[in-house]
Amino acid sequence: MGSESSETAFPKAGEGEDPGFGTRAEPGTGRLLGRNGQFQVERTGLGWRETFSPYHLLITMDWVRFHTVVLLSYLVANCLFALGYLALGPGSLRPAPEGLWERFLNAFFFSAQTLTTVGYGHISPQGTGASLLAAVESLFGLMSFALATGILFARFSRPHARILFAKRAVVRPFQGGTALMIRLVNARTNHLIETRARLLLSRLRARPDGLIRVYDELSLDRHHVSMMPLDWTLVHRIDADSPLSGVTSQDLERDQTEVLVLFQGFDETFSQTVHARISYQADELLWGRRFASMHHPAPDGRMRLDVGKLSSTEPAPD
Amino acid sequence: MGSESSETAFPKAGEGEDPGFGTRAEPGTGRLLGRNGQFQVERTGLGWRETFSPYHLLITMDWVRFHTVVLLSYLVANCLFALGYLALGPGSLRPAPEGLWERFLNAFFFSAQTLTTVGYGHISPQGTGASLLAAVESLFGLMSFALATGILFARFSRPHARILFAKRAVVRPFQGGTALMIRLVNARTNHLIETRARLLLSRLRARPDGLIRVYDELSLDRHHVSMMPLDWTLVHRIDADSPLSGVTSQDLERDQTEVLVLFQGFDETFSQTVHARISYQADELLWGRRFASMHHPAPDGRMRLDVGKLSSTEPAPD
Amino acid sequence: MGSESSETAFPKAGEGEDPGFGTRAEPGTGRLLGRNGQFQVERTGLGWRETFSPYHLLITMDWVRFHTVVLLSYLVANCLFALGYLALGPGSLRPAPEGLWERFLNAFFFSAQTLTTVGYGHISPQGTGASLLAAVESLFGLMSFALATGILFARFSRPHARILFAKRAVVRPFQGGTALMIRLVNARTNHLIETRARLLLSRLRARPDGLIRVYDELSLDRHHVSMMPLDWTLVHRIDADSPLSGVTSQDLERDQTEVLVLFQGFDETFSQTVHARISYQADELLWGRRFASMHHPAPDGRMRLDVGKLSSTEPAPD
Amino acid sequence: MGSESSETAFPKAGEGEDPGFGTRAEPGTGRLLGRNGQFQVERTGLGWRETFSPYHLLITMDWVRFHTVVLLSYLVANCLFALGYLALGPGSLRPAPEGLWERFLNAFFFSAQTLTTVGYGHISPQGTGASLLAAVESLFGLMSFALATGILFARFSRPHARILFAKRAVVRPFQGGTALMIRLVNARTNHLIETRARLLLSRLRARPDGLIRVYDELSLDRHHVSMMPLDWTLVHRIDADSPLSGVTSQDLERDQTEVLVLFQGFDETFSQTVHARISYQADELLWGRRFASMHHPAPDGRMRLDVGKLSSTEPAPD
């Protein structure tokens, strides 16, 4: 994975699995995974035709930009068709106002009425040229709006597991030993089932030929939950077998440690598998604290979950 | 899972897997899973922006409410646009009736004809302002109706396995021992294939520091069926290895026992995986009865399945 | 599975897995799986509200019936709305022809123009009542056509693996022993990948308390293929371990034997998993013949597959 | 798989799994897999009704052809409906121009306005016949455009993993031994996760009764990556256990060797599993070179990946 051309960079078996970020490490490199789960990688070297992916672009841009794109396209299309009707001469539309600007406006509104197929008819095409252009425009309108509305609906209905992770992970005494704990919750009322989680540790290590990044799997007390109606606290026990055995906060800082959390589940509302990711760096770990409870019975006998307390912690007893 | 901050609450290995409801137990807490398979959990503590999920809301509300939302939105949008046309002055639409209420009605109907792109044209926009507003409204109408109709179709076509479970489970003599049996059937003629089921037992247990909830897997004679054209009876043998070995109806009642049933299958009609859940509490078990047969050959040589007899039982022979 | 209430009917471990049809056997019962892969089961005992699944119905009915449903609904809806306009009096639409039948036709066509949002405007609603009804009708039209067109497209685009199976299976000498072979092919040019197959044997067996149906898995030389560009011949070797070891054609006939074939694969064109099934009864097996080759290199160096020869056989050498 | 009728052609256990291309080998046969991942197989012998799959056709044809099909269908439909209006006589549409060609054009444009439901109304149907035909045409238009726009959107939004593979694979000294390396990258900014890869070796072997094709799995140092933000280099070590142990470039050429690469991953943007394939023939392997690094830190601390250097190699040190 990554730059296999420097031999020592390739992870040896037993050193833990590289999750895909490669083992090249340079002092200036920032975190692997953004707090929002986005890969911190930039791509260059391809022509626009090879990377241009309009659907991806339109589906992932923010809502303000999306609406702007739709509105501008509508404006531009109407301007172009209006120029077409103008080019066909003053008699191409009825009524035909006097001035050029008035004729342009008239053609522009006729175009809008054609593109959206609203077609009031108080402006109408006259002669073969204008009628043909209008026939083409209404076809173009139907096809273009199929794309626009399809993308709109796809944006609206795309499964986004809104998985929230506690701002910080905790390292605390637990059942006679120590444990690293990460808490997460489903912010939505969607039913999430068959959820799974993995923890990966990324650290820098000095090798004869320079720094490399090594990865270790952190075992979990439970890595699978059948249903996730409540919060889920991932528990990694820091025992003798743990790669974190005996390390201090300073060690983690020095090694540019990053704990990667991978989560997936099946969203029953959308009938689709959803994924979420986050990473914690050394300064995002809290030592000696534990997560405060988020739930208690409601008066009606159901459980009540206070999602706002997701990141709440309290001193952990020894 | 759940409140890890009270150590004893965390399930130890070997005690059975917590399906996600946590091990906190308080006397007042009701059942974990509703009879309709819904999690009995209430969420608080998040601002509306974090939990607001319009698609989820619109897709899961009942049909009466959905139609009301659509109708009201249509009414409100038309009123707002009508006010817009009114604000542009009496000459903005032709014809322009006399009174204010008449003008409002005229504008309201013109708006409806624009929003739905029906555009008869017997009312038409006059001047740049009204024409522009109409051009914007028809765009708005296309985009809004794309959402409304998309959601309508998604509601209509969403895969709902209509899995019916017998009202009660039975515990009965079976092949020299005893067995817990749960019967289910696919109410639809959809082809369900590759179906799977799991049984989990949830009980309260007294611990030095209070009650906790413990979970046990109940093994099944068969947990997988390639095709499910008929009913399926899940059979858990209560032998020496079973967590239910030797327990009485009173024990189950006292321990607030709940048998969780998880079901999944692939629906060929919808080409999607479907899930169903139910739980049985102690008072929903029948002792010493067995399920009556639901099927017999039809005159044409095909099998006939009487789904109405799903919950029928008869005395079980010893 | 099936009627667990008669103990002996439940398959014991080791007897092979019941694929879901139950073990009840009555002499008059026909085949389990139709040659088209449909379950041969009829459902009764449910009210129409519990089984009514309009989406499923509309998506699985044949094309002639679907188009008839659409056309009739269109006709009925237009008639009803036409009656509504008539009820609002002669002045509700302009122009208003003389006779009642003429007025009905006028209203009918106005309704059709409103429902489809074509809205020519040469007929237009007059007065508040008719305008309101038209506003409601155009909303109703948009929503109804969203369902109709959505279902139309869903029908058109639903993944149907067109897997063809040879009309008969063969039993023939093979590599010093005997083998049961079943040939199948993908009739479409879709890329099918990661395909899997299973063979199950269903036979009647006499037990002290009557006939029961028993099932056996038939092992395959290969049950998985990474890519399926060509035909695939499933090979079950009839060796000492095979449930078919030593059986004759007469034995199979007497035991009402049915060989069930389950197939699945991932269709790259539709990005979905597809399934196919078939069953062969005793009289659909050919003894002592083998499948003729279906492919040979084309002049351009590519392989050529003659799908028309799928069921072709030739005498098998000893 | 393939022609089971020649016994020796069937792969014996232990010889490696046939990925589905069969073991028949004839000297004239070209490569199994095109460089674009398409199967090199031609299908014959089926009637058009059995193979005709309009959705598949329309979804996979190129964009120019698709737009041509839509435009031609629009033209043809309008011509046919125009002939229908003509057949109903000169009074069927208003206005009714003089000449036949003028009447045809008038009917053609009226048809276009009806089919797209734009319905200006400056041309309108007169009498029962024309009104009925227009009512049918608008229904037909809605249904047809549902197909056309549905297919358009499906084409636009279909998940295409744009996985690029290096033009050539390399065979080079690696960690004291030799390794075959294949490099690939995700050309898009989509998040690809849970990616998997497999290498299969296809070679011709002489058998007493002729050439056959044999397959071997080539083990990978890593066949799974959790996330694929960067390039991925597949590494097969040519050690004593490798089927490639000791072979030379000439051996590979002689045996018509083809290395098949199968790739799959989960595309988070499309929430779907995507697949990619390629094959390398003997002359597409580079000996004694290694892939040049594609990535280095960007000034902002993120990694930068130069996709244009995917196929770049440099001399490999011993």
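Labels A, B, C and D are assigned to the chains in the order they are written; within every chain, residues are numbered from 1.
Criterion: a contact is a pair of C-beta atoms (placed from the backbone, for glycine too) under 8 Å apart; a residue touches a chain by one contact, two chains touch by 3 or more.
Model, not experiment: these values are computed from the prediction.
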Contacts common to subunit A and subunit B (chain labels): C, D
Cα superposition of subunit C on its sequence copy subunit D - rotation in ° rounded to nearest 5: 90
Candidate from A-C, B-D or A-D with the same interface as A-B, over half of contact pairs in common: A-D
Residue-number overlap at the subunit B/subunit C interface, same or different (half cut): different
Separation of mean Cα positions, subunit C and subunit B [Å, integer]: 26
CA centroid of subunit A to CA centroid of subunit C, Å: 37
Numbers and ranges of subunit B residues touching at least 2 other chains: 113, 117-121, 150
Subunit D-touching residues of subunit C, taken from the complex the two chains share: 70-71, 74, 78, 105, 108-109, 112-113, 116-122, 145, 148-150, 152-153, 156-157, 162, 164, 174-175, 181, 183, 187-191, 193, 195, 221-222, 224-233, 235, 266, 268-269, 271, 290-298, 300-309, 314, 316
Residues on subunit A engaged by subunit C in the complex (per definition of touch): 117, 119-121
Residues on subunit B engaged by subunit A in the complex (per definition of touch): 1-7, 10, 13, 17-22, 24, 26, 28-30, 38-46, 50-51, 53-56, 59-60, 94, 113-114, 117-121, 124-125, 128, 131-132, 134-135, 138-139, 141-143, 146-147, 150-151, 154, 158-159, 198, 200, 262, 272-275, 277
